[in-house]
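Below you'll find a set of structures to go through.
Both complexes shown next keep subunit A, but they swap its partner, so subunit B is in the first and subunit C is in the second.
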Partner chain A sequence: MLKYLIWPLLAVGLVLLPHGLSFSQQEILVFLTINVLLVSTYRLLTLTGEWSLGHVVIMGVGAYASALYTKEFGVWVPVSMLLGGVTAALLAVLLSFPLFRMKGFYFLIGSFAAGEIIRLLWKRFRDPFGGPKGIKGIDPMPDFSIGIYDFDFFEPVSYYYFAGVVVVVCLWILWRIEKSPVGLTFHAVHWQDKLAEASGVNLRAYRTLAFAIASGFAGVGGALMAHYVGTINPNSFDVEVMVFVLTWAIVGGTGTFYGPILGCVALTVLNEIVLRELGFEQMRPLIYGAILILSILFMPKGLESVVQRLIQPRDKKSDADREALS
Partner chain B sequence: MIELLAQTCLNAVYAASYISLVAVGLVLIFGVMGVINFAHGELFMAGAYAVVTLYADLHLPFLVAVAVGLVFVGCLGLLMERALFRPLRDNPLGGLVASIGFLMILQALAVLGYGVRMEHIPPATQEVIVFSDKVRLPLARLYVIIASVVLLAALWYFLKRTRFGWALRASAQDPEAAELQGISINQTARIAMFIGAGLAGIAGALTAPLVSVNPHMGHSVIVTAFIVIIVGGVGSLEGAVVASVVYAVVHTFVTTFYDGVIADIVGLSLMLVVLILKPTGLFGSADRA
Partner chain C sequence: MLSKIIGSGLTRRTFLKSTAATALSAGLPGAALAAGETIKIGFLAPLTGPVAAWGKPGLDGCQIWAERVNAAGGIKLESGSHMVEFIGYDNEYDPAKARTGATKLIREDGVSFIMMLGGDTWPGVQPVADKTGMLFSTLLPSDLSPDTTTLIAPAEVHPIYNVTGVEWLAENKPELKTAVMCAQDDALGLPSVATYLAAFEAAGITMNEEPLLFDPATTDFAPVVTRLLSSSPDIVCLDTCYSDYVHPICEQLFQQGYEGQIISCTADFYDQIIAKTSKEFMEGFVFQFPDFDDPALNSDQINFEDPNGFFAEYNKRHPGEWGAVSWEYASIMDLWKAAAEKAGSADPEAVIAAMKEGGTGEHAFGDARWWGTELFGIDNALVGDWPVVVIENGKATIKGFKNIPDWYDKHGDLLVKHMKAYDQMWDQRG
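So, the complex of A and B:
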């Protein structure tokens, strides 16, 4: 019974959520929605066993591309968001040629270097990237109405609904990919690479595919952010942001689909509600660092392992109940 | 033109001297502990802030501040070894992530303690050696060069000629076999972390009056150190020194003739090219991947 109610209840909860919040909290909610997409794409990348340090820059590629398409060519914003994602995916395919000659630690460092080079190119070339100050005055999403609700994108609530729908669709696609034969092959590439290769799986192609899909959806996330904030610069996508994504993924755990989302939501709530309200804003990196260390030391499987432990005994008990009834 | 070249060469030698101290420390830690210490740039920063506190604020002699910086940062290294790397010994990615956490803590502490402003530190000496009109070497820079040559020579002697150094190299090569020979892995890990962190600390302390000291200075240091250890070959001390010189020359010349951002791009591209063509680096052996 509960199983069928949980999704509608969650949907209603998410629709009602912004109305109980203050204006600044609604804005944070928009960023949280986009970050959920970002951290989920990061998990898809880690499925094949590679940990990238360039993922946030790839997201930035989507943001820059989408912003430039609307600015230079006057592309309609929703289309240019999609094109931003496509651009990020194509760049990932290009980057895969040098990067996938590396594995493990070397891939980590290589992706970091590639990301920094892209960021420095944005910084160096004023035309078209705007140099260190970045791109300002990015076209906002045009307002529209669907009859029962008028979208006015100066209101964070409207943008939250819009971004929420986009993110839910993206998450659904990511979920379908993971459960498809392709997704299972990603797992095989990570855990049984020799066996997979022996049974005819092209490791390189599947790693590239995972990288491209993850980058494409991250690019869409970046575009969503660019058209909401209206201004982007190279520092919006620096290593510090990458470390936050890494922290969300590790604190949440990457073993399940919901793990990284859980980490992202939990840490954002902690950060915005606890730290900001209590006035510990400056301590944010310190507390994030401490949480990162504590969770890798004492909770190496992440928050998801705690959730699983909470669910497991209840399942056993309900099994026992069922047996008792029959 | 000749004078510009000579001056740029002097600048490159100075850059190579402190980069090699940082990179050698990073390689030593990787060799013995098997983890990449992302917080290495922040250890450099901690050394610089030791000089800010003791020399600029408390007016102690410069050399005392540098010595305290060395020991203080070395002790930070011991703390990392005991609290982070020892419990995570079987988990190299975990050690790396934990060091990222440590990096954030050190950076936040520097911001809380000193603010984000740049610190102004009077140089230990104002004297300049003048070779000609346009070729001059501040004495403070010469001290950094001399100090790093002496320190690297001392490290070389320690590693190749003493019992402790021999034990250290043994456990870097094969921890299990070393342990069977009665070498304490924890002991060698402590020594390696103290020396590796201390080298980063002393490099930061020595160069503090010559660079802009701020809580985010570690970022460029760690990027440089990564480039150097990849180009030199991860795990090779000689490679790290040679690659420091190569990188310093390339970076200094590109900065002089183009600009700093292009120089950073060239440096990172150099690293990518080495990663693609010869991932073991110029001096790395194939088995230590």
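So, the complex of A and C:
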């Protein structure tokens, strides 16, 4: 019964959540929602065994593309967000040609270099990218009403609902992909690449597919951010932000779909709310780093392993009950 | 209906009213302060990360300022005397976090005024400023535009004051005829490059080559310095480099045997540079930010109260941390306090009206005027005299004060020309 109730309860909880938060926490919630999408797309990429250092830049590609589509061509913001995602995916396909000539550590470094090249292009070409100062005055999502609720996208609650719906849809698609034969092939490409290749699987094509899908959805995340904050610059997508994404994924664990999301939520709440509220404003990097080291030492399989430990005994008990009944 | 409650078409007034209705009315902009209530001032700047050197020392300076003001009876408004308290928010020089911080400071903490470093973070905050009408200050006037009616730049007109250093150099060392320049390719570096180019041109100093723009991620400055020195310049200009660049560049200049003139916007923690190079090497280094124990700051024209005492207290609490911004935010507070007391209110609209009344204001370095329409599209920058500082015998020494508007009246066309060439005029930015 609980299995069927959990999703509606979660949905109600997510709808009510912002109303229990302060204004600044609502703002953080918006960025958290977007980051949940970012880290989930990153996990999809890691399914094929490749870890990238350019994922945040790819998110930036979606942000820049969407901002420019609205500013230069007057494209309607929701459409430009989708186009931003498509642009990021197409660029990923283009990048896959040189990048997937590499594997493992070399791919990691190659992806970093590719990301830095893109960032340098944003800095170098003031027209249209705005140079180091980036693009500002990006069109916000246009306000609208659905009768019972007026969406005013300056307000974080409205944007949270909008971004939340987009992110939930994206996560559902990512989930379906992972559970589909394509997703299983991604796993095979990672864990049994020789066997998969012997079975006729085109490893490079599947790696490219994972890279493109992950990049496309990350691009949508970037577009969501750009149209909320109203400004983007190359520093918004630098390697420091990428380190945060890696940290979320590592602390949360990448074995399950929810692992990186757990990491993202836990660490964001810790860094942006708990430590600030406790008055450790200027000591946050130090404490954050210490917690990161401790979590890796004592939870090498990530936060998801804690959840699994909590769930497992109940499953075993249920099995035992079932056996007793039979 | 929920939609009615949430409200459509949020305006500044409805925003403030609705916010007040959420039991957070204390200290809201526009809301009258209760007698004896503490005035809260927001400090929204990078307190951690690579740009923290231009945020945290400012907050430290403000704490000293607050203690002095509170000890003297606080800020006197129509509602009585009010103590003052600073509430900091670390925006990590990130526009998204700056937006969150601005929201927190206004809607939760009820601040009456917010001071920022500005730069990359201002565009994230601007929508919040537009909606709320909150009065903000920036250290970077390049944030100003005709749309930023509640943003003021009352402490420093970066990078325009850099012309004073070049002007002094041309007057006092006329034998220096050629220069080279390097700068990080970012929002701070580029307008400063345009300004130095205009100042050198006005002073008859020739640039040996185009300014060398390096990526802000640069950590190895040996090739940068080698290239700078390849044309044997009389002057090496370090533009508005962050201290993380000024230090290694000076080290490289020292190691590569440079013995000529150096000019820079800042020389934060210059004692550390001297320790890494030598007192002789740093002798004659020209920059723009004085130590406040300088006797020249005791002259009658200076409006910053007890600069020597402030410097001594700052160094007692934060030894070795005095930098360009240590006094600047505090000097903005001097201006804000005077305006609030004149208006009798902490309401942002009343304060800015009182502040700009008559078109003049009391800048830390002397009386100044509200200025900037040509360069920034709005007269929200307070401009007057600025000191030229030279390192002599290992100590920063004010060599004189130069008037920025006077220079601009003579050479403004050059500045506009170079600003346009670097896309730094207000109508060219983003």
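Keep in mind that, in the parts below, the second predicted complex is superposed on the first by the 321 of 326 C-alpha atoms of A that agree within 3 Å, B and C clash if a C-alpha of one lies under 4 Å from a C-alpha of the other, contacts with A are read in each partner's own complex, and residues count from 1 in each chain.
We adopt the following convention: a contact is a pair of C-beta atoms (placed from the backbone, for glycine too) under 8 Å apart; a residue touches a chain by one contact, two chains touch by 3 or more.
On a predicted model such as this, the values are computed, not experimentally measured, just so you know.
When both complexes are overlaid on subunit A, subunit B and subunit C end up clashing with each other.
With both structures placed on the common chain, the touch criterion links A:22 to subunit C but leaves subunit B unconnected. In the superposed pair of complexes, A:225 makes contact with subunit C only, with no contact to subunit B.
Shared-chain residue A:246: touches subunit B; no touch with subunit C.
Judged by the number of subunit A residues each one touches, C leads among subunit B and subunit C.
Once the two complexes are laid over each other on the shared chain, residue contacts for A:147 go to subunit C alone; subunit B is not touched.
Once chain A of one complex is fitted onto chain A of the other, the partner contacts of A:31 are limited to subunit C, with no touch recorded for subunit B. In the superposition on chain A, contact is made by A:292 with subunit B only, not with subunit C. Residue contacts after overlaying the shared chain place A:193 against neither subunit B nor subunit C. When the two complexes are overlaid on their common chain A, residue A:178 makes contact with neither subunit B nor subunit C.
Shared-chain residue A:110: touches subunit B; no touch with subunit C. Superposing the two complexes on chain A places one region of subunit C into the space of subunit B, and among 40-48, 58-66 or 238-246 that region is 238-246. Where the contact sets of subunit A with subunit B and with subunit C meet, they give residues 120, 123, 282, 284-285. Residue ranges on subunit B touching subunit A, taken from their complex, read 36, 83-84, 87-88, 91-94, 96-98, 100-105, 107-109, 111-112, 219, 223, 226-227, 230, 234, 261-262, 264-265, 268-269, 271-272, 275-276, 279, 289. Those residues of subunit C whose C-beta lies close enough to touch subunit A in the complex are 1-3, 6-10, 47-49, 56, 88-90, 93-96, 99-101, 103-104, 107-108, 120, 123-124, 126-127, 131, 185-187, 189-190, 215-217, 423, 429-430.
Of all residues in subunit A, only 51, 98, 101-102, 105-106, 108-110, 112-114, 116-117, 120-121, 123-124, 239, 243, 246, 250, 282-286, 288-293, 296-297, 300 touch subunit B in the complex they form. Remark: subunit A residues 22-24, 27-28, 31, 120, 123, 126, 130-137, 140, 143, 145, 147-150, 152, 154-158, 225, 229-233, 235-236, 238, 272, 276, 281-282, 284-285 touch subunit C in the complex.
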